[in-house]
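Per-chain residue numbering starts at 1, and chain names A, B, C and D are given in the order in which the chains are listed.
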Amino acid sequence: MTNYIIRRLLYLIPVLLGVSFLIFLLFNVVAGDPTAVLLGKNATARQMEELREQLGLNKPLFMQYLDVVKSAFTFDFGRSWATKQEITYMLKQGAYPSLTLTIPAFVISTVLSLFISLFVAYYRGKGIDLFIRFLCIAGMSVSALAYILGFQWLFAYKLGWFEISGFEYGFPEFLPYIALPAIIWIILSLGPDVRFFRTVILDEIYQDYVRTARAKGLGEMTILLKHVLRNAMIPIITYTVIQIPFLILGALLLENFFGIPGIGGMTLNALNNSDFPVIKAMAILSSVVYIIFSLVSDILYTIADPRVKLK
Amino acid sequence: MKENSLWKDAFIRLTKDKWALASLIIVVVYSLVAILSACGFIAADWAQEVGASNLAPNAEHIFGTDIFGRSVFQKVVRGTQVAMSVGLATSLIAIPIGVVLGAVGGYFGGWVDDFITWLYTTFSSIPNIMLLISITMILGKGLFAVYVALGATSWVTLCRLIRGEVMKHKEREYVQAASAIGGGHTRKLFKHILPNVTHIVIINTSLQFQVAIKSEVILSYLGLGVQGEPSWGTMIDDAKLELARGVWWQLAGATLAMFIIVLAFNILGDALRDSLDPKLKGK
Amino acid sequence: MKSLVIFILAIVFIGCTKEHQFDARELHLISPEKIAGLDPIHASDRYSGLEVGKVYEGLFEFHPLKRPYELMPNLAEALPQVAKDGLTYTFKIKEGVLFHDSPAFPEGKGRELEARDFIYSFKRLADPKLSAKGWWLFDGKVKGLNEWREKSSKEETTDYSAEIEGFKVTGKYTFQIKLVKPYPQFLYALAMPYSYVVAQEAVTHFGPEFLNHPVGTGPFILPKYEQSNKIVYTKNPNFRVKFYPSEGEEGDEKLGLLSDAGKKIPLVDRITVYVIVESQPKWLGFQKAKFDVIELDETQADQALTEERVIKPEFRNLGMRLVSSPQIDISFFAFNNEDKIFKDVRVRQAMSLAYDRKEANKLFQKGTGVIAQSIIPPGLAGYESEFKNPYVAFDVEQAKKLLSEAGYPEGKGFPEVTVQTRNETIARHQIEFFAKCMEKIGIKVQVGMNTWPELINKVSKKQHQMYTMAWGADYPDAENFLGLVYCPNKAPGSNGSNYCNPEVDKMFEEAVILQDGEERTAKYKALNEKIALEVPWIFGFHRTKFSLTQAWVKNYKFMEFNHNQAQYLNVDFEVKKELRKKF
Amino acid sequence: MTAPLLSVRNLTVEFHTSEGVTRAVNNISFDIPHGKTIGIVGESGSGKSVTSLAVMGLLQKPAAKILSGEILFNGEDLLTYDENQMRKLRGNQISMIFQEPMTSLNPVFKVGEQISEALRIHKNMNPKEAWDKAVDLLTQVGIPNPAASAHKYPHEMSGGQKQRVMIAMAISCEPKLLIADEPTTALDVTIQKQVLELMHDLQQKYKMSMMFITHDLGVIADIADDVVVMYRSNVVEKNTAKHIFQTATHPYTKGLIACRPNLGNNPRRLLTVSDFMTEAGEEIKLDAGKVEVFDKESVPEKSSEILLEVRNLVTQFPIKGGLFGRTVDHHKAVNDVSFTLKKGQTLGLVGESGCGKTTLGRSILRLIEPAAGEIIYKGKDIIKAGSEEMRQLRKQMQIIFQDPYSSLNPRMTVTEILTEPLIIHGVGANRAERVERAKWLVEKVGLKVNQMNRYPHEFSGGQRQRICIARALMLNPEFVICDESVSALDVSVQAQVLNLLLDLQEEFGLTYIFISHDLGVVNFISDHVGVMNAGRIVEMDRASEIYKNPREEYTRTLLSAIPKGKAGLVL
């Protein structure tokens, strides 16, 4: 097992190099010079030169690439150009609100999708199966922006069930703020989740061991919940674990519209203000987390499926 | 008995499912509308002022008018052209890259496969939204940048699927039979394996199509969308200001138009997978 | 199946709003822009200025109520004595003023403010290492300062102890500033947030984190600034004695703006500022009384005002009050005058004539904007209300005639023009309307959407044909606007349209060195009329600022330049308690 | 005679699918007395499996419809039972085992858990008791160190062991009736023998009656007391085993028995069902001339020229391990094999699964690159041949694969499949000429010309194998390897294909290597036979020599494992 983990971690290096090169290409080489941006409308050419020097933009390109690589491996992203704050500090600040929204929404939507897909698989082919699947697909066919505008206006303002925007720290306090965005997240993710889980469960239902279980006199429901689910969990775990890295990125639109000071809002703000250090930091952070989680998902895969031995 | 290939078989099965048939018709209608509006036969005068600004839906203008008094219905129809072209262009960029890289990686294995796996892992580890935005920032604004950005981010899933499928088919006996009769790599890959994995491309394309349409809205929100042409994305973005003013019909019009086509593509994608994917036969 | 339904109900139940606990003396305000940290030398836009203004203070401030705006001493004892040659200013500051308590000071106790603190703050503005956005304020104005900046940019660390000829500390509470050449607007510069006073101990103690640990002398304190969407200020316990002004503009008495005259300020204990960028949450939140004051943008104005631009009954019944006041600003479509297609003035005049300002005013500002005849907005010396710019009228025929004279009959041969703007929906609409107008004379116009930094980048690098923007006055002096067409200020300076006209430059240089008075106003008027005919920009509007305040908010008056407004606001406790039930 | 345990009375079952209605079981009746084993024999599609599923009540509800009939179990009609009543019965009174041991056990549960599950439901034992009973059952079915094996997962066991676990699971509640649907078909013949013996002993011990379903007459002869023969959803004959094998009355039964190659005799051509019965089902008088027996040795060798010689051939597969997945060891699938093959001869290679016979066949054609040794074809060592030279050689050497469903490209018509080899080698001036040759060969292999534009999925297994043969012969090769080419076919279809191969050999003077695990088939078709085990040829000699007096111990065990039927039955 440890051999496998070491090998996968070593695999992290080329991917990180690849990511940092891609980011370097996108931001340093192509995106041009930010000094005019940072100095505001009354900047003088002299000032811009001084700033370029100070930000190290005059260094040869290769040196700049090394900086990107160094930050990729050391997670020291320097300071944001807009807020002049330590980026790692900002990430820590933003992590709490973002995760209070994304983690519960993610957990509820996964559990809900599992319930629905089991229910739908049990009644496969019948009307209820078609109807619920239709609902889930319909749910994801509306644009996120339309949901945000519509729901915020209807549920938060007109009916007053939820807070319109803002965020409070602490357990019970933040609930009225994240409830509505969480519901929107759930509606949007039910469609793809249910579709995937149902296919996986159906694949298992038609396997031979289910026929054997029936021959043993097990009821359809016990077969579904014991035998089929246990097998279906293998692909479901990998599918779910791979989505975790994107929780960290937070929900850009939801946070921006519902006034949640999370990483998503911060990223969107950075993208809007060409705050390259923050954008680079986010890209590197999410790719490192992505790779680590794909490793975690492989390991979970072997734990769930006794047939797979980590070579 | 007339011979029918697997494609005809699948098509017959597909059209038996009335939902799939309805979605297919919707997709065809939308494509027709898109082509007609592209050639200027319909909704060419969408920029015409037809009434007072922000008129509520009425008999004459079923979707009402926008801030400049332009008919929202005309804009929605015109918007179909942008949406379908975004979906189509994205697929036209994503399919060749995804299929070629996936096939080559899956078929040859070894360091070629490692390189391609490294490539798509790198691409998929950076969140889509960042790739989208940085590419559009570089290529400048407008439809072309949107096409390239969406294309560059959607080839990854297709490449991964095709690679897996090609690896499976490479071991199948009909491929070994092809080498037994002296067939070379190109013949085996392009004449034998690829035709048997194209169903993956079709299923994935119909699902990617709707993702592209939805992404166009987000890009418009970030100001990176299409300029000068009405698109559902810009219309929903306008709604940001209008909803508070009680002007809901532009949001409703664009969302409804998009809802129908995205729903159609989703249902079509599921139906295609059931009818094309041999594994799920007879469920 | 049953458990599923209960589950969903649970989410809905815990989600509903909790009752807002409120205490008497608390204000809830909105900032529509993200705040990048509280450092005076970087407070380049109005909203970061307002936040800085709650914690820091400057030598002078504009009188909160008197219009037209006039300076009044803040940390200074009185207005400075100006030597005959207009170059040497002598200042005396108030005694006994204390900095906020902060770990930067010995035993955490805020020390007394001294004259040398001001010199340190001005030097910090000039420090090349910090590349302060406000440096243009002192650039080329103070004797020896530019040389000092030049020298420091070569050294490793800036040497603050170095003597500068222009700054001389003459006593614990007195200091002198010597200018290079007469600069009448210099006092205004000392009222802007850029020149607010900071303590050297705080800057060295917090280092790069200084912008998140403001230590000023202001009425409110903010120990730690969190990058979040909510900033909470509390009253400064040892704030110096300062009273609410007892006289103001004619009519303020009737509006109740003088009811707190003579009271010790600040009048509230706590201010919470919510950072909300999107229009819908702001507007809906205000209607649920989450916020006390809201500056209305175009759509919200449309929603809140009747056709006669009066507050709608449904809001009046909730006790809300509409505060409207003309802004000293101008919105415009700027040409890139270095682009050869705009060289011919007739082209510029034709495009200006073809722009239907009345319709635009109705569509985008509900008719509340004042059509700009030239560059100087109303409320500043040099503005003539009777002056009518012939090229501001809406005359498509005349425009077509001028265009064909310039060699482009019916717009044939005229290239497609892209107007750059910031990626805001309302800006896109305005350009789409502008494009519709230009289409009538055969000119095709495209929208160019950019993030704010991209727009600044394009303007400062002259990579544009046209761009649209609005310029708000930094200080109440027409020089601030006339400088926008002064050739030496060409991009990357503030003259984004790169307009160069030797005549205009000569008239500008003669006018700005004069002290405020009859002679200078006459020169400003002549210059204003000259610029009007030259049409360097397509002049848009001088806009009116609309704000809505809840019934219980007292002393709210729109203050263009005064960033210390928060200390003058008050809350009527009874009205708030009784009206709360209505929301 | 006491009432039979189970009696099926004119049962009719139909399947309603999107492709239309098919009648799977047509008015069949038979009884299963207590303690007796009834063998149900029939080819695929005869309805035997559907019958067993009907008894167990496991037919897929929406599609399958039971139109009429009764299934009396201890006098009660199971068809009237509702789902709950049936569930109490399944696994308790009636239990069932299936054909594919590889996939019939749940891969993620321990073997012990799966066995004890039925016990806990039907006998409501607590987990501890159930586990101990499970371990005891494992000993009964002959699993080595049962206590440890109970903790194993299915993938850690061989096919034979997994089938034993299935049997343990089935008999856990001491059922009255055990239904076995092709339990040993997927097993190697030696293991099949042990499993059949085990089932026989358990039947005696628990006095169970058994319904044994298979297409293999040999197995039926071994285990069944009475036999029911099914053909196209009808029961054509049912009688005691002795009567069926010696004095079968129905032509289909006679055809079925005759077309099975067995070691006893060496017919020149196998009889097929069509020699006994027309398509419509009437009987045809068998003319004696067809049964031509000849002694292989007496036939003079066609030519003494050696077409192919293999010298100490080795093919190995790397075994990965260590930190970087370096190859740590090699598994020698073909381990130092040498033999010669004369032109026009047929060399049979027989052995159990995993003995390397397929790898050997593929290595000779360099579909898998051998590691060492020489393959001299017409005097030239083809291992050293360059890629172009190899391509030319491919014209003369061809291969026919096992699975007719996966060896034809599903998206090409028959014409395209057959003309492809000619296109690759540029044979035939134009398309018309190539299609002409394809037409000629299609007729040669017994298919109709008008079917040439059809796609593979529209043909039966036997027809597809004929297409593969036609494809192999398009370049009129001299040497063809048949890799388990008939194993996937039904017995009657198998006979036709074997006869076709022999006819083609005579007509075109082909040389064959025939690879199979079925000793009967290999004996029938080959002149010489090589018995393989663990990558080596343990014994090689003339076919009749191998069967009359096998020298090697391994060959003897293989021969003895072939089911020949109980004493007294002539097979």
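The rule is short, and it goes like this: a contact is a pair of C-beta atoms (placed from the backbone, for glycine too) under 8 Å apart; a residue touches a chain by one contact, two chains touch by 3 or more.
From a predicted model like this one, the values you see are computed outputs, not experimental measurements.
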item	value
Chain closest to the assembly centre - both centres taken as Cα means	A
Chains linked by the largest number of contacting C-beta pairs	A-C
Rounded Å distance, subunit A centre to subunit D centre (Cα mean)	51
Length of the line joining the C-alpha centres of subunit B and subunit C, rounded to whole Å	46
Centroid distance [mean C-alpha coordinates] between subunit B and subunit A, Å	22
Distance between chain centroids, defined by C-alpha means - subunit C, subunit D (Å)	88
Set of subunit B residues in contact with two or more other chains	137, 222, 237, 240, 243-244
Multi-partner residues of subunit D (each touching 2 or more other chains)	none
Junction residues of subunit C - those touching two or more other chains	278, 280, 284, 423, 451, 454
In the complex with subunit A, residue positions of subunit D that touch it	56, 58, 62, 87-92, 95-96, 98, 100, 103-109, 117-118, 121-122, 153, 155, 166, 169-170, 320-325
Subunit D - residues contacting subunit B, complex	17-18, 362, 365, 367, 391, 394-395, 398-399, 401-403, 406-411, 413, 420-421, 424-425, 453-455, 457-458, 468, 471, 474-475
Residues of subunit B touching subunit D in the complex	1, 3-6, 9, 13, 16, 172-174, 176-183, 187, 192, 195-196, 282
Complex contacts: residues of subunit B adjacent to subunit C	47, 53, 67-68, 137, 141, 222-224, 227-228, 234, 237-238, 240-246
Of subunit A, residues touching subunit D in the complex	3, 6-7, 125, 207-209, 211-219, 227, 230-231, 234, 304-307, 311
